[in-house]
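Have a look at these structures, which come just after this line.
Consider the two complexes below, in which subunit A is the common component and subunit B and subunit C are the respective partners.
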Partner chain A sequence: MTFDYDGYAGAYLRVDLSTGQIQKHSLPSEWVENYLGGNGIGIKILWDEVPETANPLGPDNKLIVATGPLCGSPMPNSGRMEFIGKSPLTGIYGDANAGGQFGPELKFSGYDVIIFEGQASEPVYLYINNDQVELRSARDIWGLGTYAAETRLQTIHCDPALKTALIGPAGENLVRFAGIQVTYRRSAARCGLGAVMGSKKLKGVAVRGTKGIHFKKPKVLESFSLQMHKNIRRNEFFPGIQKYGTSGLVALMQPIGRFPTQNFRQGHFEEYEAISGETLREAHLVRDIACFNCPLGCDKMYSVEEGEFAGCQTSSVEYETLNSLGARICNRNLEALLKANEMCDDLGLDSISAGNAISFAMELAELGIWKESELNGLDLSWGNYHTAIQLLHDMSYRQGFLGDLLADGAARAARWLGRNSERYAMHVKGQDIPAQDGRAQQSMGLAHVTSSRGADHLKAFPTIDETGYPSEAVRRYGEQYLPDLVNPLATRYKAMLVKDGEDFGAIVDSSGNCKSGGTFVMAEIYWQEQADAIAAATSMDIDAQKLRQIGERIYNLQRCYNALHGITSSDDVLPWRFTKVPSPSGNARGSVCHLEIMLPEYYAIRGWNPDDGLPTLKTMQRLGLEAEYQRMEHAIACGATKAARMFLGWAAPYTEKVEEIT
Partner chain B sequence: MTTVKVRFFNLLAVHAGNKSRIFEFTEETTVAQMLAQMANEFPPAFRDMVYQQDKISPHLRIFLNERLLYEKEFDTVLEDGDSLMLFPAIAGG
Partner chain C sequence: MRLNIYPERCTGCSACEVFCSLHHEGLVNQELSRIHVYRDIENANFLPIACVNCQTKACLAACPEEGAIYINHLGMVVIEEQLCTGCSKCKQACEIQAIGFYRQTGRGKMGKAFCFKCDLCDGEAVCVNVCPVGALVLEEDTNGDAGQRLFETLRPARLEIVEHMEARGMAKTRRVA
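Take a look at the complex of A and B:
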């Protein structure tokens, strides 16, 4: 079988870790025609090959490493790639995206996709050097942190340009929110796919590629890409984001009331200036760094020169981490926060879920829910960063009662613990809620519940109503939706915004470019531009309309995959704090998230059944997914989805009002 | 006398040369008038971020006492003790 399109490497690897067999295949044309790449191909493989009965940490789960047609291309910010698998944290569809250099290098080696299946009996890593593809023993690097393991592999292979995707001790010890760290120090953090690697005894992938990628119309693509680079550099958002990266958002979120503090009890952090992007840059910047082909360079390297945490060197200190290991646990010590960030990257932890597990534990301590004997002498007072740092270590190694319990994530810990602790696990579908309070931005509340990987801001990534940018809204949607579309507290048109963001986001995540660099933030690239770039790169018969349909197909299939696991509209809920307790501060003061208004509208726009929130036959037929619909219906009818649901493992979000401590 | 505290963030603080500043007025002053005064006083780079083609930039975010102001509210008269926060275009998560 041959592959018909340019712009792709044109081949994929299937690696059976149980037998050690490695197969090379041509990329099936129907995969890219219907699902494009990245998480589109990922959900297609998951749907076809990983049944609802598969244990996320068992041999039947698969880990899919996937690039897309724009990954490694001249288009700006084209270093993104995806890991896809069934999530050990949520039990449903999971994916994690990373920038850096790994994705393009994989394509340059001649492969668009790798499928890992089975389980190795001894630790291994996959070594790829163009046509040379081998499983090698990872016995010498098992147990190492990601920094040391990466250096060790580069030394072993005498190749400082080797690019790696590695897990740390957290993944090895099956921490359910373990991430995957890719060169250079970028995290594919969410959904616990590092634990999937750990369960397969797969320490990582080391890749070196020197082949080129053949583009159909290289001059057209180059000229178009150059224009996009220029547009992004001229974009009004460019200077501020280039200077501070996402850390610059810390200050902005205070007056909006969208900076979760004390396990989401507050919407702003009194001491935010101690951990703001401005303070971070002034006090700790070493240099700006950038992912593959990125004109922005929102990443930064930071160091701590003095004090208790002297010697710490870390990068990608994102807004999310400044919240999750800062305000959310009431930690105002920036140096401790940098140390915690360094540890998360080295141990291989998702800093969002790690912080959420710690803030959950701290709130339970305040409420007296823990027994003294369970704490192993830890002081879980709010703001105790020594405890937070100890817990990052303990969770990664599953040490002690608390470390082992929290390593399963707040939602599972709550189910195991009981004692009304589920009231304080802030999650949707088992996924910890990021630092985006839906009370202060209605679209974000909706985005959390409709996201296919559980609570998430990045699936829909509704940025234009964060603080309201009319010119961006007019450019994309037209003037008729103003002012409500850009009012963060208005519910009108937010279903449309979220649905469009999810579909376009599915395309961006399947193409290999970046949501923070030109597609959502600095919104220069939208359906038409993305279609033009893909057409020039691949020779596919693609236009904006066809691309929209692919985006919709991907998102609907992700929803159906979750439906196989018993997910329905009854899971599209936020914890009580977001719907029952008015936001206590800032622009959002007095506001709650109105899912009851937005969600029915969202189901209607999507063509989903208003009762169970699942795609209708008509919708699935329109997307060419009739067979998939039949499988979903059959699984529901025969009770397979109910059975699968029993294994999800998390306590459902608590939705009834609870009196807050004042 | 009306005293207003203004806080600058991100590149606005860089261009203003300060993170915050206290302004005092003896006459009635609106938010728009205050921006004009700052634009005259601070270096041109500050003005370039606050104005676009002589109009207040649609990308400037202004919070008055932690409430987001929309364009139609830029003629709000400032009161003694008011607090303003100014942000350039930033977004994301």
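Take a look at the complex of A and C:
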């Protein structure tokens, strides 16, 4: 069987780690026709091959490494690739996306997808050099941080151009929010898929590809992509993003009360200027760095020259990290923050979940919930960055009571701990909430609960109402929805915005381009442009309408997969802080997140049942997912989903009002 | 006309390599790009290298084939790939290794191998068009030795990266050695 479409490498690898067997297959056409690539193919494989009974850290779970048709293409920001698996953090569908150079290199070597299954008995890594694919012993690099391991592999294979995807000690020690670190120092961090690799004793993948990628209409694609590059460079937001990357958001979010502080108690940080993108660039920038084929270069290298953390060199210090290890724990020391970022990358931790676990611990300390004996001498007062840095280390190695407990994530730690601690675990479906406060931006609150991987801003990525971008809103949706659509505090039209963002986001994640460049923040690439690019690259019979359907299919299947694990509308909730306590900050002062208004509207637009929040038969038939619907209904009817629900392991978000201490 | 390179502006994004290979060979393959970006991430160092139209033009003298390498109407040295036998003598002669070598099939005379280098896309250099940070600029060659002076700065810069790779034990590679 051969594969018909250009733009793809056309083959996938199935690596059984238990037996050491590696199979090469040509990519099934129906995968790409119905699911495009990336997380689309990922959920398809997960649905078919990983049952609801599989333990995320057991041999039955699979780790899927997937690229898409535009990954490695001339389209701007085409360096994105996906890791997909059942998440050890949430117990449901999990994916993590990374930029860098790894995804394109994998395609250049001739493979679109790698499926890892089983569990190795000894540490191994997968080495790919075009047609040569082999599992090698990773005994020498097991235990190393990701920086050292990457250098070591490049030395072993005598190739500085070797691209790697590696886990650090956190993944090896099964920290439930361990990430995967991709060349150069980009993280696929969310959902704890690094722990899945750790459980499989898979240290990483090292790949070198020199085959290149053929496209159906190279000349058309070249001129179209060049135009897209130019459009992005001309966009009014380009200079700011190019200069600061996501760190520029700190100063933007502060005045609108959307910069979570002290475990989401507030939406503003008095000392935000100490950790803002402007300060960061001025004091610590070494060089602007870009992912594969990206005009923005929001990845940047920073260093610390003097003081306690001198010698620290780190890159891609994102808004999320500046918040989670900065404002969220009241840390105003930028050098310490850079050190923490370097540690997260080297140890292989998700900086969002790590920061959330620390802020959770600090709030419990303030409330006197910890026992003295549990703290092991750690001073958990707000803003103590030495403690934060110590905890990053302890969590990665599961050292000490706190380190071991928090390494399971705030939501699980709360369930284990009890003592009303679940009130202070800020999560949705076990996934820690990123630095996006739903009170200050209603659509973001909705996005957190409807996201298929638990609390997440990047599934729907509603950006146009963040601080109000009318020009982008008009370009996408027309004038009829203004001004409510761009008003962050209004609830009208936000269900539509979130649904559209989720479908388009699923396509972007499945294609292999980037949500931060051109597709969302700068609305240059939308359904039509994406469809045109895919058509020129692959010659697939595709248009914007078909693409929309694929996006919807992917998102519905992810929802159904979660439904197999007992997820229903009752899990689509935000913690009490967002729905019961009016925001004390900035423009958002007095506002709460109105899920009760937006969520029913969202279910209706999606064609989901208003009672249980699951896709209806009619919706599933429209998407060609009737068999999938039958399986879901059967699992619900026979009680399998209820049983699976019991193994998710996290304490449900607390939704009743709690008196805030001030 | 010649290519001017500002390495300090480069972000290492590869857009030049992607578009170069697509434009010349019809596929995306950085190995087939006429411009190559040396990456030394540890020292935050990127160095794009392509033919900068130096004055020595050692490549011209090194070629043993009649008509396989010549200077075109833009003043650029170009390789006639149909006549090139892939002997790599020009590549070895170039002190900044601005010439690439690619073996498509087979070995020796049985296969097809050729050397390739920048031809400025006949004056419409696609890498310059796509470079987002102005690290690559097309300039009229008004002052005859500008290319040579750039060449003199690129040569040690390139060696520095190669030596760093060697020190780390990873220099035995396709294009860095």
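One rule holds in what follows: the second predicted complex is superposed on the first by the 662 of 662 C-alpha atoms of A that agree within 3 Å, B and C clash if a C-alpha of one lies under 4 Å from a C-alpha of the other, contacts with A are read in each partner's own complex, and residues count from 1 in each chain.
The criterion applied here is as follows: a contact is a pair of C-beta atoms (placed from the backbone, for glycine too) under 8 Å apart; a residue touches a chain by one contact, two chains touch by 3 or more.
Note that the structure is a prediction, hence the values are computed from the model and not measured.
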Touched partner set for A:Arg631, first subunit B, second subunit C, both or neither: neither
First, second, both or neither for A:His393, with subunit B first and subunit C second: neither
Which of subunit B and subunit C A:Arg622 touches, first, second, both or neither: neither
Which of subunit B and subunit C A:Thr151 touches, first, second, both or neither: second
First (subunit B), second (subunit C), both or neither touched by A:His25: neither
First (subunit B), second (subunit C), both or neither touched by A:Ile289: second
Partner chain(s) touched by A:Arg14 [first = subunit B, second = subunit C, both, neither]: neither
Touched partner set for A:Lys211, first subunit B, second subunit C, both or neither: second
Intersection of the subunit A residues that touch subunit B with those that touch subunit C: none
Parts of subunit A lying in touch with subunit C, wherever the complex brings them together: 72-74, 78, 101, 104, 108, 151, 154-155, 157-161, 184-185, 210-215, 218-219, 221-222, 225-226, 229-230, 233, 242, 286-297, 301
Subunit C to subunit A touching residues, read off their complex: 11-15, 18-19, 21-23, 25-32, 39-42, 44, 46, 126, 129-130, 132-133, 165, 168-174, 176
Interface residues, subunit B side, partner subunit A - complex: 9-11, 13-14, 19, 57-59, 61, 63, 66-68, 70, 85, 87-93
List of subunit A residues in touch with subunit B within their complex: 236-237, 239-241, 243-244, 246, 248-249, 251-252, 254-257, 277-278, 319-320, 434-436, 457-458, 461, 463-464, 466-471, 483, 488, 516, 520-521, 585-587, 589
